[in-house]
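You will see chain A twice below: alongside chain B first, and alongside chain C after that.
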Partner chain A sequence: MSSKSQPSSNPMASLWNSYNDQTSNRLKFIDSFLVYLMLSGIVQFAYCVLVTSFPYNAFLSGFSSTVGQFVLAASLRSQVNPANKDEFKEVSPERAFADFALGSIVLHFFVYNFLG
Partner chain B sequence: MQLLKSLSVLALALAAHASVLTVKSPRLVVADSLGNQLRAEPFSLTQKTLTPVELERTDILKLTFQIVDEDGKGVQPHQTFVRFFDPTTGEEGIQPVKVTTAGKAKFELNVQRPPQYLPPTGSSPLSVSLIIGTPNFDPISAQLFDLTLPRSQPAPAHPDEPTFHLQQELFHTFRPDQKLPPKFISFVFAGIALAPWAVLFGLWSQVAPAPTNLLSPSILPFVLSLGALEILLFWYWVQLKLGDVLLYGFILSIPTILTGKRALSSISATRLGAKQ
Partner chain C sequence: MFSIRRFCLLALSLAHVWSVTAKSSTGDSVLVVVDPKRQAQYSQFLDGLKDRGYDITFRSSKAEKPLLIEDDVPNYAHVILLAPESKNLGGKDITPQNIVELLNLKTNVIVTLSPAQTSLSSLASEFSLILPPPASPLISYFPKRDESPTLIPISVPDKSSPVLTKHIAPVWFSGIPQALGNSPLIVPILKAPAESFAGELLTQGGSAESLVDAADKGGEGLWAGSSLGVVTGFQTASGGRITWLGGADMLTDELFQKSLPDGSKPGNADLARDITAWTFQEELVLRIDQVNHHIVNTTISKELYTINDNIVFSADISKWNPSENKWEACSGLKDLQLEFTMLDPFIRTALPPVPGSPGKYSVSFRAPDRHGVFKFVIDYKRRGWSFLHSSTTVAVVPPRHDGYPRFLSAAWPYYAGAISTSIAFFLFSALWLAGDARDSRKGQKGAKAQ
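Up next, the complex of A and B:
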């Protein structure tokens, strides 16, 4: 990339560039999912505020599913990130994924249970 | 036998009548709040005082007397009462009087601070009597005089009084049913809510790492059993009951755990092998 050699004057741009350059595709894959969850949660919340909260249980379960999934995915990301290897010596990436899968199944059970 | 019995009763009655109590120097005084005597006269147990005693709001009534036996010796009776009775309403108030061992008694009634035992007063006067009772003496119940007191205030209303009437009937009120927004808005927001999927797939198409061995025999069963669990949960939303989904979920979790262990350990082995 061309921006790699020339330091950018804009701090946001330099942050973006360094993210693009230094983050592995696996983490970007999870990051995309996080972005998706954030957008989805924001849209649902905006709908609840702007249009109607009816049916409220559906809003709650939809919104909480995005929040819960975000938390699970964020913890998965932090555990499989090679930069955090020293923090999670005991947790292999496979173990982190197993945790993520189990947590997601339980979360989805509660979400469907609440969806009505 | 019958004669003997009636004779003994007669003897008892005679014995009971043997001792008579009298009251020495009985005196009633009406004083105003400054202590000026408005009326002072003796009273009698045998004859009711004809002029009724009238008390104003600040007056004090005092009764003094000494109880003596036939020999003129002071007696402290067991029970001495002054009774205030309203013949029109039937209400009465009875107040014990303290008598000393020498038989001297003093009774005071301050209208400014009307005592609790006084019955509520109306237009008719209260009849005041003196009651004395003690063993071995004849009981005394003597009308003393009529007493006119200021009319008592109406009884104060209890704070809870209004709640003891028939209350207004209660009706259940329900909020109106919540309405779904117009179809157009629903569709627009459904589109907006689905838009993040496009973002997700757009981003994934750029950054997704190539799924190298997703279809390998060690990993595919795990992916399938995870998918089966998700389908089960979706099915739960659509149709199943809680008990069913817990049972099926438990059954399905066993192969998921086994295949998961196998798949993840194979991935781990690949990863570690690649490192070394």
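Up next, the complex of A and C:
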């Protein structure tokens, strides 16, 4: 693979190319989910700072739902990443996804309770 | 016709009976502890009490009965100790402890002192009154007169004490003064003249030098001047009233009638009347009939208020009217205050009288933005007046879960954020599982291909 990538003067471009080349589609799919959550969180935080934090409980639950979902998705990513296979011998990818789904459902339960 | 006249006469006599019945707000039984030999000396004073409707029982200063307190219940509404010289008043019963107990039981007491030291002298200091050393009566050589320097005409300034109601002529006084301590419960009634002092009489072995010595020591041990009291009242926190008279002589018939140096009649009778009227809870007696609190524009009293509620608090206050023998609505208090406290007063506001409804005081205020257990407190303590205290506990709670506004337009970005996160989670899960299935099929194909 390294033979494919051209030595580039731009480190960002080389990072991007290397990411594109070396990451499996599944992980890219999780990454796009993470990016979406991050953007959603940033938008809510900006709204809170720039416009209003009232009602504060709605802000907390909306913002923490993105943060919590981000944390759960990030842990799913590290558990299904083949590069971490040695660290998570006990955890199969299916098990990791089940944990992720259960955690998310509990998270959303709390978020909607706190939202109104 | 005849019967109507009789009825009218009956009604009149009934009204008369009503008008002379006791005017005290706490009862009409009086125990007078007096030396039987000297009882006749006080006849005008005691007859005056009887005429005002008091039911007087006499007890010899040497007798042990009737008891002041029996089975922890006071036998009399008021007690007058008119035997200042007795070393040992009636044996075991009349002790400083018992007098304090009487006051706690809301019995009112008039104590007369004398230059001789008695068991009651030590009690005076419990009431923040400091008595001069034994055998040092109040002395004044002014104005020039024929009487002994210990028999002093004291002028009574108008309105010098809330207890004294009207203009009173100078009174004859003979006895000891009291220095007044710092207690706010003291109600000074009559002060000593500025040129008077307490000391031993020169004719009885005393000397002016002791006074000079005291003055040289910066006033230490000096008993002189108008800061001394000769008649001093004291109202306990529980509402009992006690009045200390520097001497019993001022209540005698002799001094009730003795002409002043300028030939006019003395004010002793008027002063005695005012003193007994105050001490026996006829004058300056207030009470709170009821308190009421509710939310503005409603009438129902609540145990629970929500933060920032607008609350109306009202109190009905009555004053004892001794001439009508009944409680009357009193709208005259200008400086009444209401406190809304949780340890500290969060709100302290004036409680003004409501124009048009006598005796009613009302104020409306916003509850603080703080939840907890609060009290409405009225605490009105004015010198001479009976103390008003009322405390009503209510809870102030945050709004209930359905007491808040919901689905505010300002919060839509947060709602949208939370909903879109959920939708994204479901989409992600669905696609992930679909991808899983495809992968496993791919894997199977790959395996077959191998």
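Keep in mind that, in the parts below, the second predicted complex is superposed on the first by the 111 of 116 C-alpha atoms of A that agree within 3 Å, B and C clash if a C-alpha of one lies under 4 Å from a C-alpha of the other, contacts with A are read in each partner's own complex, and residues count from 1 in each chain.
Please note the rule applied: contacts are C-beta pairs under 8 Å (C-beta built on N, C-alpha and C of every residue); 3 or more make two chains touch, one makes a residue touch a chain.
Everything numeric here is computed off the predicted structure, so don't read it as measured data.
Student: Using the superposition on chain A, decide if chain B and chain C clash or fit.
Tutor: clash
Student: Go through the superposed model and pick first if A:Phe29 touches only chain B, second if only chain C, both, or neither.
Tutor: Both: A:Phe29 reaches chain B and chain C.
Student: According to the stated criteria, A:Phe59 is in contact with first (chain B), second (chain C), both, or neither; which is it?
Tutor: Second partner only, chain C.
Student: Determine, under the contact definition given at the top, whether A:Phe109 touches first (chain B), second (chain C), both, or neither.
Tutor: So A:Phe109 only meets chain B here.
Student: Applying the touch criterion given at the start, work out whether A:Gln69 contacts chain B, chain C, both or neither, answering first, second, both or neither.
Tutor: A:Gln69: touches chain C, not chain B.
Student: What stretch of chain C clashes with chain B when the complexes are fitted on chain A: 222-230, 258-266, 312-320 or 384-392?
Tutor: Between chain C and chain B, the clashing stretch is 222-230.
Student: For chain A, which residues lie in the overlap of the chain B contacts and the chain C contacts?
Tutor: 25-26, 29, 33, 36-37, 40, 43-44, 47, 51-52, 54-55, 94, 97, 101, 108, 112, 115
Student: Can you name the residues of chain A that touch chain C in the complex?
Tutor: Within the complex, chain A touches chain C at residues 25-26, 29, 33, 36-37, 40-41, 43-44, 47, 51-52, 54-55, 58-59, 61-63, 65-66, 69, 73, 94, 97, 101, 104, 108, 111-112, 115-116.
Student: Considering the complex alone, what residue numbers of chain A touch chain B?
Tutor: Within the complex, chain A contacts chain B at residues 24-26, 28-29, 31-33, 35-37, 39-40, 43-44, 47, 51-52, 54-55, 92-95, 97-98, 101, 105, 108-109, 112-113, 115.
Student: Going by the contact rule set out above, which residues of chain C touch chain A in the complex?
Tutor: 404, 406-408, 410-411, 413-418, 420-422, 424-425, 428-429, 431-433, 435-436, 439
Student: Would you pull the chain B residues touching chain A in the complex into a rising list?
Tutor: Counting only chain B, the residues touching chain A are 178-181, 185, 189, 192-193, 195-197, 199-200, 203-204, 207-209, 226, 229-230, 233-234, 236-237, 242, 245, 249, 260, 264-265, 267-268, 271.
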